[in-house]
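What follows are several structures.
Okay, so subunit A shows up in both of these, paired with subunit B first and subunit C after.
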Partner chain A sequence: MAQEFWRWKEYNWKNENIDWKGGSIISSGVDVGSVSSQAVILVDGELYAYASMRTGSDSPLSAVNAMNWALDGSGMKLENINYVVGTGYGRVNVPFANKTITEIACHARGANLMYGGSVRTILDMGGQDCKAIRCDEKGKVANFLMNDKCAAGTGRGMEVFADLLSVPIEEIGGLSFDVAEEPEPVSSTCVVFAKTEATGLLREGWPKNKVIAAYCSAMAHRVVTLLDRIGVEKDFAITGGIAKNIGVVNRLQKELGVETLKSKYDSQIAGALGAALFAKALVEKERK
Partner chain B sequence: MISQFREWEENRHTYAKSWKEKTGGKVIGYFCTYVPEEILYAADILPVRILGSHEPQDVTEPHIFGMFCPFCRDCLAQGLKGRYDYLDGVMISQSCLHIRQAYTSWVKHIPQSFSYYLPMPNNIQSKHAVPYLTAELKQFKTAVEKWIGREITNDDLKKGIDIMNENRSLMHKLYSFRKNEAPPVSGEEAMQVAMSQQMVDKREHTPLLKSLVTQFEGGAVNSVNKGIRLMILGSEDDDIPFIRMVESVGGTVVIDDHCVGTRYFWNNVNANGGDLIESIAKRYIERPACPSKDWIERNRIPHLLNLAKDFGAKGAIVIQQKFCDPHELDIPAIIKKFNENDIKTLFLEFDVTVPIGQFKIRVEAFLEMLQEEDLF
Partner chain C sequence: MIANFGYKDGSGDYFISIDTDKCNGCGDCVPVCPAGVLEIRDNDFDPLAEDKMAAVKDEHRKKIKYSCSPCKPEANMKNIPCIMACKLDAIVHSW
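Moving on to the complex of A and B:
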C-alpha cells in the first residue's frame, strides 16, 4: 500500500504521578471533530489522561474509541467518571456524554488553562474550519468568528498538500523554510483550486519546498484576514492541529506582528480539555 | 391557534387561486413592501407579496447577475417556474436595484395584463418626498382605474385604508405580547402570522388575528417560550427553518426588524382630514425605513435599539442576504451601537438555502455567550 503522507500520528498519554482512585471529581471531555477526536480525563482538575485519534465515518464509535484509549491501562472505567461533556462537530454523537457544549466555548476554556488567564485571543485551526475567539480572563467567550466559505486554511487542506507533494505531514512546517526566498502565496480561497495551482507550479519546475512555502504562506494570510475582522488583543494563542505546523505559525506571527504563547500542553486537546473543565464545574454545581 | 396562519403561508398559491375563483377579482403580485396596498384594496384587487421558495434553482442565471442577492433570484425563479401563473398583474415600488431586476425580467418574460413600476423616492428625508410620492400615487391610482375600468372614489380609499390599518394595528397588538416574560407565541409562529399577512385577503386575516389577540388578552398561550431573548434583524427574511433551529437550541425570538415583520406593519395611515392619497404617501415615507432609503441621517438605528430594549432582547442575530448592499452598509453601524448598549450580536449571511449545521454551531455558541450560567 502506498504511503499515506497525510496520516498524522495518533497518540495517548497518562500522568503516572496521579492516583485517580484518590480523586474527588473525575471529569472528562470528548471532542469529536471533523478530522480528529480527543478524549481528556481530569482528576480534580489535573490532567490525568488523554488520547487523540482520527475521526472515522461513525462519530459515536470515534468517541468510544478515543475514550477507551484514554482509559487504556489506567484501571479506570467509564462508570468511574462523574461527568462527561461532549463537544466538536460530533458532540451530539458522544453516547456517554451528560451534556454538550460547543467547541467554541470549550476551546476558550481549554486555552485559558493551557496558556494562562492572560489569553484574550485564540485561533483554533481545526480539521475543517477556523475559529477566531475573543475571551475574558476566565476563558469565557466574548466574541467569535468562523470561516464559512471553504476549508482552505484548515488541517484538511494541509493533508491534501502532504499527499500531493509526498511529504509526511509533520515535516511540512520545517521544510517550508528551506527555500532560497519566500514565494508568493498560492490561491487561498479553495483547497481544490490551490492544489490545481500547486500542480501547475510543480510542472513549471518549482521545488517541493517552495510550493509548500507558498501554501503555508497562503494559509497564514487567510487566517489573518479572519483575525483582522475580530481584532487581535494580546495575549494570543493558537489551538488545534495546525498550531503544530511552524510553517504556518511563524508566518502568521510575522504577518500579525504578534507572538503566540507557548504551552506545555498538546494544542490538539484544547477543545476536549475545555469540555472536561466544564464537566468538573458542572459536578461542583450539582454537589453544591 | 396559529394553524390556519401556517396553512395560509404554506399553501399561499392555493389560497390565491381559490380567492380568485370565489370572488372573480384580480390578484396582483408585488415585490417590495413600499407598494401602497391601500390603493389596491380600494380597487378590490388582492395584493400578494412575491417571495422565494428557498429551493435550489437553475432558471434565473440568464436573467440576473450572479452578484445580485439570492432573494431577488429566488423570487424571479417562482415566476419563471409558473408558480404565480394566477397573477393578473405585477408591480414594484422602487427600493433596490436587485429586486427591481427581478421585476424587470418578470415583466419581460412572463405575460400579464398589468405591470407597474412605482418610483418610490429613495431620499425620503427630503422635504420633497411627500409631495413627490403623493403625485406618483395619484398617477398610480389613475393607472389602476384604467386597468379595472372604474373610478376609485374617496370612499373606496377610506375602505382600503381601514382594511390595512386594522390589520396592522392587530399585528402590533400581537407583537406586544412578545414583550411578556414568556411570550405566548414563538418567533417561528409570529413569522408565520406575519408572512400570511402578506398573502391573504386582510378581510379574512383580520378576524382570525383579532381572535388570536383576544385569546392572548385572556391569558391563553399558544406555546411556552422561555429561551434566551433574541432580536432578529436585517435583509428580507422569511426563513422559517432558520428560526425553528434557533428556537430548538434555546433561543426565543421576541422581535424583528424585517420587511416580513415590523417594517411592514409598524405604522398606520393617519387619515384625519386632508387628502387621502397624501396621507397614504406620508405613511410610506414615515414607516420604519429599509436601509436603501435611510439616509442622509441614519434614523433606523435608534429605532432598532428601542425595539431591542422594549422587547428585552439580550442579543441580536443580524442577517444579511448575500450581496444585499443596503444592509451590508448599515450592519457595521448597527452592530457597533448594539454592542455599546450591551446587546451582543451574531452576524450571519443568508443564501437561498441556509447551511443549518454550520449556522447551528454559531447560534449555539452565541447563546452560550449570552448565558449567565457560571461555570468558570
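Moving on to the complex of A and C:
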C-alpha cells in the first residue's frame, strides 16, 4: 500500500512520579473529536496520564481505546475513576461518561491550566472545525464562535495537502519556510477547490514547498478573518493539532501581530484536560 | 458571555449572537420564530452554573442563512420577530 502521508502518530504519556492510589479525586476527560480522540486522567487535579488516538469510523470504540491506552500500565481501572466527562464533536459517543460538556467550555478551561490564567483568547484549530474563544482569568467563556461548516483552517485540510504533496504531515510546517520568497496565498477558501488550485500550481512548475507555503498562509489568513468577529486580546494561545504546525502558527502571529503562548503540555489535549478539570469540580460539588 | 451561533462561508457571516448576561431564559423569542430556530436550554458553556439560555437549535446552526431568510426580505434589522420579542435586547443578528 502506498504511504499515507497524512497519518500522524498516536501517542500516550504517564507521570511516573504520581502514586494514584494516594489520590482522593481521580477524574477523567475524554474528547472524541472528528479526527482524533484523547483521554486525560487527573489525580487531585495533577496531570497523571493521557493518550491520543485517531478516531476512525467507530467513535465509541475510539473513546474506549483512548481510555484503555491512557490507563495502560498504571494498574488503574476504569472503576477507580470517580467521574468521567465526555466532550468534543462525538461527546455523546463516550459510553462510560457520567456527563457531557460542550468542547467550547472544556477548551477554555483546559487552556487556562495549560497556558496560565493570563490567556484571554484561544484559537482551537481542530481536525474538522475551528473555534475562537475569549475567556476570563478563571477559564470561563466570555465570547466564542465556531466554524464547522467548512474545512478551511482545519487539520483535515492540512491532511489533504500532506497527501497531495507526499509530505509527512509533521514536516509541513518546517518545509513551508524553505522558499525563496513568500508566495501569494492559495485563493480558494474551500479545501476541495484549494486542492484543485494546488494541482494547477504544481503543473505550472511550482516546487512542493512553495505550494505548502501558499496553503499555510491561506489557512492563517482564513482564521484571522474568523478571529476578527470576537477580537484578539492578549494573551493569545492556539490549541489543537495545527498548533504544532509552525508554518501556520508563525504566519498567523505575523498577520495578527501577536505572539502565541508556549506550553509544556501537548496542545491536542486541551479539550480532554478541560473536561477532566470539570469532572474534578463536579465531584467536589457532589461531595460538599 | 456572548454566544455566536452560526457560520461564516464564502458569501458572508451568518451569526445569531445571544448575550447570556442579558438573557434570562424567559423564552419569549421561541414561539415568535416562524422557522423554530431558537430553543431554551441549559447554558452548557458554564457547566458549573445552572442557568438557562436561548440558543440556536443544532439542526439550524449550519443553515441559519436559509432558516432565517423569510424574516429578512430587505436585509435590514427591522421587524425581526426574535429581536423584537426580546425585552432585554439579548439577541443580535450579524447580517
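The rule is short, and it goes like this: the second predicted complex is superposed on the first by the 285 of 288 C-alpha atoms of A that agree within 3 Å, B and C clash if a C-alpha of one lies under 4 Å from a C-alpha of the other, contacts with A are read in each partner's own complex, and residues count from 1 in each chain.
Quick note on the criterion: a residue touches a chain if its C-beta (ideal position, glycine included) is under 8 Å from a C-beta of that chain, and two chains touch if they have at least 3 such contacts.
Model, not experiment: these values are computed from the prediction.
Peer 1: Based on the superposition on subunit A, does the combination of subunit B and subunit C result in a clash or a fit?
Peer 2: On the superposed model, which is not a single observed complex, subunit B and subunit C clash.
Peer 1: For A:Gly139, using the defined touch cut-off, is the partner it touches subunit B, subunit C, both, or neither? Pick first, second, both or neither.
Peer 2: Only subunit B is touched by A:Gly139; subunit C is not.
Peer 1: Thinking of the overlay built on chain A, is A:Cys190 touched by subunit B (first), by subunit C (second), by both, or by neither?
Peer 2: second
Peer 1: Please indicate which partner A:Leu61 is in contact with in the superposed arrangement: first for subunit B, second for subunit C, both, or neither.
Peer 2: It touches nothing on subunit B or subunit C.
Peer 1: A:Asp148 in the overlay: touching subunit B, subunit C, both, or neither? Say first, second, both or neither.
Peer 2: both
Peer 1: Between subunit B (first) and subunit C (second), which does A:Val232 come into contact with in this model arrangement: first, second, both, or neither?
Peer 2: Neither partner.
Peer 1: Of the partners subunit B and subunit C, which touch A:Ala105 in the superposed model: first, second, both, neither?
Peer 2: Once the two structures are laid over each other on A, A:Ala105 reaches both partners.
Peer 1: Could you let me know whether more residues of subunit A are touched by subunit B or by subunit C?
Peer 2: Of subunit B and subunit C, C contacts more residues of subunit A.
Peer 1: Report for A:Leu202: first if it touches subunit B alone, second if subunit C alone, otherwise both or neither.
Peer 2: So A:Leu202 meets neither subunit B nor subunit C here.
Peer 1: Which of the stretches 151-159, 277-285 or 367-375 of subunit B runs into subunit C once the two complexes are superposed on chain A?
Peer 2: Comparing the options 151-159, 277-285 or 367-375, the clashing one for subunit B against subunit C is 367-375.
Peer 1: For subunit A, give the residues common to its interface with subunit B and its interface with subunit C.
Peer 2: Of subunit A, residues 101-102, 104-105, 140-144, 146, 148, 278, 281-282, 285 contact subunit B in one complex and subunit C in the other.
Peer 1: Using the touch definition up top, name the residues of subunit A that touch subunit B in the complex.
Peer 2: For subunit A paired with subunit B, touching residues are 89, 101-105, 109, 138-144, 146, 148, 278, 281-282, 285.
Peer 1: Using the touch definition up top, name the residues of subunit C that touch subunit A in the complex.
Peer 2: For subunit C paired with subunit A, touching residues are 1-4, 6-10, 13, 15, 44-48, 62, 94.
Peer 1: What residues of subunit B sit close enough to touch subunit A in their complex?
Peer 2: 344, 349, 358, 361-362, 364-365, 368-369, 375-376
Peer 1: Name, in rising order, each residue of subunit A that touches subunit C in their complex.
Peer 2: Of all residues in subunit A, those touching subunit C are 99, 101-102, 104-105, 140-150, 189-190, 225-226, 229-230, 278, 281-282, 285.
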